[in-house]
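Just passing along the structure, written as structure tokens.
Chain naming follows the written order as A, B and C, and within any one chain the residues start at number 1.
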Amino acid sequence: MLELKSLACGYNLKPVLQDIEFKVNDKEFVGIIGPNGSGKTTLLRVITRILKPSKGEVFLNGRNIWQMKFRELARYVAVVPQNFGGVDMSVEDFVLLGRIPYLERLQFFESKMDLLIAQRCLSLTDTLKLKGKLMSEISGGERQLVLIARALAQEPKLLLLDEPTAHLDITHQGSILDLIKKLNKELGLTVVMVLHDLNLASEYCQRLVLINEGRIYKTGTPQEVLNYKIIEEVYKTVVVMEKNPVSSKPYIVLVSQEEREKRRK
Amino acid sequence: MRRNIILLVVLFGICAVAFYFLLKLPDNSARETGFSRYPMVHQPKRIISLGPSITKGLYLLGVQDRLIANTIYCVDPPEAKNKEKIGTVVEVSIEKVFNLKPDLVLATSLTNPKARVKLKNLGVNVVTFSTLKDFNNICKQFLELGRLVDKENEAKEIVKSAENEVISIREKVKGLHKLKVFVQMGVRPLFAATGCYFVNDYIEFAGGINIAKEAREGIYSREQILKENPDVIIITTMGMAAEEEKRIWQKYETLSAAKSGRIYIIDTDEITSPTPQSFVKTLEDFVHILHSGE
Amino acid sequence: MRRKVFYWSAWILVLFCLLLTVMLFSFCAGPVDMPLKKILKVIFEGRGTSEYSILFDIRLPRIILGFAIGGALSLAGVILQGMFRNPLVEPYTLGISGGAAVGVCLNIVLGLSRGLGIISLPICGFLGAILVILLVYSLSIRKGILKIQGLLLTGVMISFISSSLIMLIMSVSHTEDLHGIVFWVMGSLEEPNWLLIKLALGIAVFGLAVSYLFCFDLNAFSLGEEEALHLGINVERTKRLLFIVASLLTGFSVSVAGIIGFVGLVVPHFIRMFVGPDHRILLISSFLCGAIFLIFCDTLARIIIAPLELPVGVITGILGGSLFIYALSKKQVSLGGK
């Protein structure tokens, strides 16, 4: 589905990403992880055509995304941003914005179909009850769900998320990721998600791509990628590896320096 | 990119010229060069004046009964205040003027050109008088005014008598010592009476030297005045501002005019809306100031 | 959804009625007193009389021009505020009015209208506006991307430079030229050339039609440029086209009518408080509201101290500003000080 070939890109003269080579297959759930400043967000921006790569190409189902029309791309790929930064509007109106790629030039009103799709997306994310409220009136967690609903309204095949759980508490972190997992399994949506929380990435993602200093350090299953040697090397911090008692997925435990020193003695 | 920009500019230039010719066709704007020579309306009975000097002139010619409206600044002679008002010297109520159905509208070069064009488009007879440059100009315009209102002979007489008086005054002061004069037309900013304004004639006919004669239009430098060191300074503003300006000049100890105490204030109205007659009167005042050491 | 269409149609109807009312008011009011009965009589029977001329040759052109300019400036304001996502942006922020003003000043001082006729005045203004537009545009393009913040800053700087240039020109000009410049700058809906008025009307309506092609683009823009791109909007092309539309609307309006402030800034904000941020309704509402506002202000300017006329910019500033502050404070109270 998605393929990045020999990609390099940067801002002005500084290269941020180099030698990026990776593939995402249909219906996969891929997580992009890496330390701050490694280039995760830049990677996302290259995939969504915000940044132009200085070298290499991005292919979507074999087609170079830079040769596609914007609308075409938008009907295929949807991006869920970290937060909502726009003018205040009702939740329903906001989700309907996701139908823009499907509206014709001279069509001024959304069709019945568009409205139904929007409704469906709201109910998928369990936010139908918030339909009439303003974006500023709902909580952070609810807002994130609405952002996802809007992305879904684009009827994409590929869903990209940029740190969807960054500002949320445990309750919402879980529910949102569960939702995304459900969308991936039941609707067959391919998901590529940038995450900073390694344990969440481990728990939910099928495959992980670890980026460090602008290059792909390792890709593979969570078990392959998340071992303490690699983590120490990339994140430059001492950790203890455990297993999630329920899912047996790798689990990273951070121990404070104080405790470590106590242990040593 | 640069080349595209230049290309675009050229393109727009061409479009602008094209537009100009396109839009010019139905437009009958007059050529403002002195007087617009319109076919004279015989004995215009309804006249509107758009300038104080024109109003004064009309009263002088004795046709004030035919004057139906003027500006709010037409206060001389005092009866002019009672006429219907149609605006200021610059902005005119087109509706009102048109509704009064005038035979002749006398405008100045200060009148909003758009208003003038609009009135002409509506079929009103508009004649524009340009700024007065010197005494000759004043007389010429007065004669034209007379011709327009069918009082040509009266105008000729008034002009002749004024010219004669001016000649005699100039004779009188011929041999007298020429003083350096500075006439200040504006206080803040400081504006001088330059050579292209008729005030210059007051100075020269009265036997003085205008230190600002060659100057360009614009704010005059106080330093320059001190350098020229005029013997007489005449301020033509009124009220507090003029008094204050006088005091400022008096502080300059090296200034000839300050030393001899020859700083005068003159009424603005007298000096700025001249008719041939009022010119003579003001000239006499100037002579008095310059040569009787008042 | 049907509710939205209904709500919007109602608003458009209300605004249309208001527009007709204001136009009627402007038609009937003026320094020359004409009671309504007389006006009706004149319309039907009075062809050829001076009253007929007053109504149709003096008042009507002003009303039409007020409609065109008020609509054009408000529309430009909405477009720019949508593009810049900055509430303080208005058509003059881009420096276009400054360019037009300098063009007109040069024309007056060089005496061009004496030789080329009075039509050269708006043409010079428009040339000045175009030059500024090109300048601002070329200075804000980096590698093919139109930087929005760059536009804003460049525009503001050019505004300042233009003001200084105008003051420079004024300080060395003759008294009569000075008057001309000052009165042009103060803005006026008086225009003797019918073709120019029709042109202004055409451009305003054309601008409205073209901007409607981008109503969804503008909606998407409110989320940010990146988000808009994600939604399939060709952001660069849209920015360029909208910039051109807004600039032309502004440049033309300023060339014909001088600088009439506040209409482009206040009207979009004001109407947005009532109809919401969706550009599908906002574009036409702003247009109509701007037209209403300008015609109303112009009428007041004509009758308040008749036969003297106040510059219309004075009324738009005072009235517009006060109305806006009042509406803003009311809204805050009702929303619990949000």
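Keep this in mind: a residue touches a chain if its C-beta (ideal position, glycine included) is under 8 Å from a C-beta of that chain, and two chains touch if they have at least 3 such contacts.
No experiment lies behind these values; they were computed from the predicted model shown.
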item: Arrangement of touching chains [line / ring / star / complete / other]; value: line
item: Remotest chain, chain A as reference, centres from CA atoms; value: B
item: Rounded Å distance between chain B and chain C, as computed from the means of their C-alpha atoms; value: 36
item: Euclidean distance of C-alpha centroids - chain A vs chain B, Å; value: 77
item: Between chain C and chain A, distance of the C-alpha-averaged centres to the nearest whole Å; value: 44
item: Residues of chain C touching chain B in the complex; value: 30-32, 50-51, 53-54, 57-59, 113-114, 116-120, 123, 126-127, 130-131, 134, 138, 141, 171-176, 179-180, 183, 188, 190-196, 199, 302, 306-309
item: Partner chain C, residues of chain B touching it in the complex; value: 1, 5, 8-9, 12-13, 16, 19-20, 22-24, 26-27, 29, 31-33, 72, 85-88, 90-91, 93-96, 98-99, 101, 109-110, 112-115, 117-118, 121-122, 131, 189, 216-219
item: Of all residues in chain A, those that touch chain C in their complex; value: 45, 48-50, 70-75, 77-79, 81, 84-89, 93, 97-98, 100-101, 103, 105-106, 108-110, 112, 115, 154
item: Interfacial residue positions of chain C with respect to chain A in the complex; value: 1, 5, 85, 212-213, 215-216, 219-220, 222-224, 226-227, 229-234, 276-278, 280
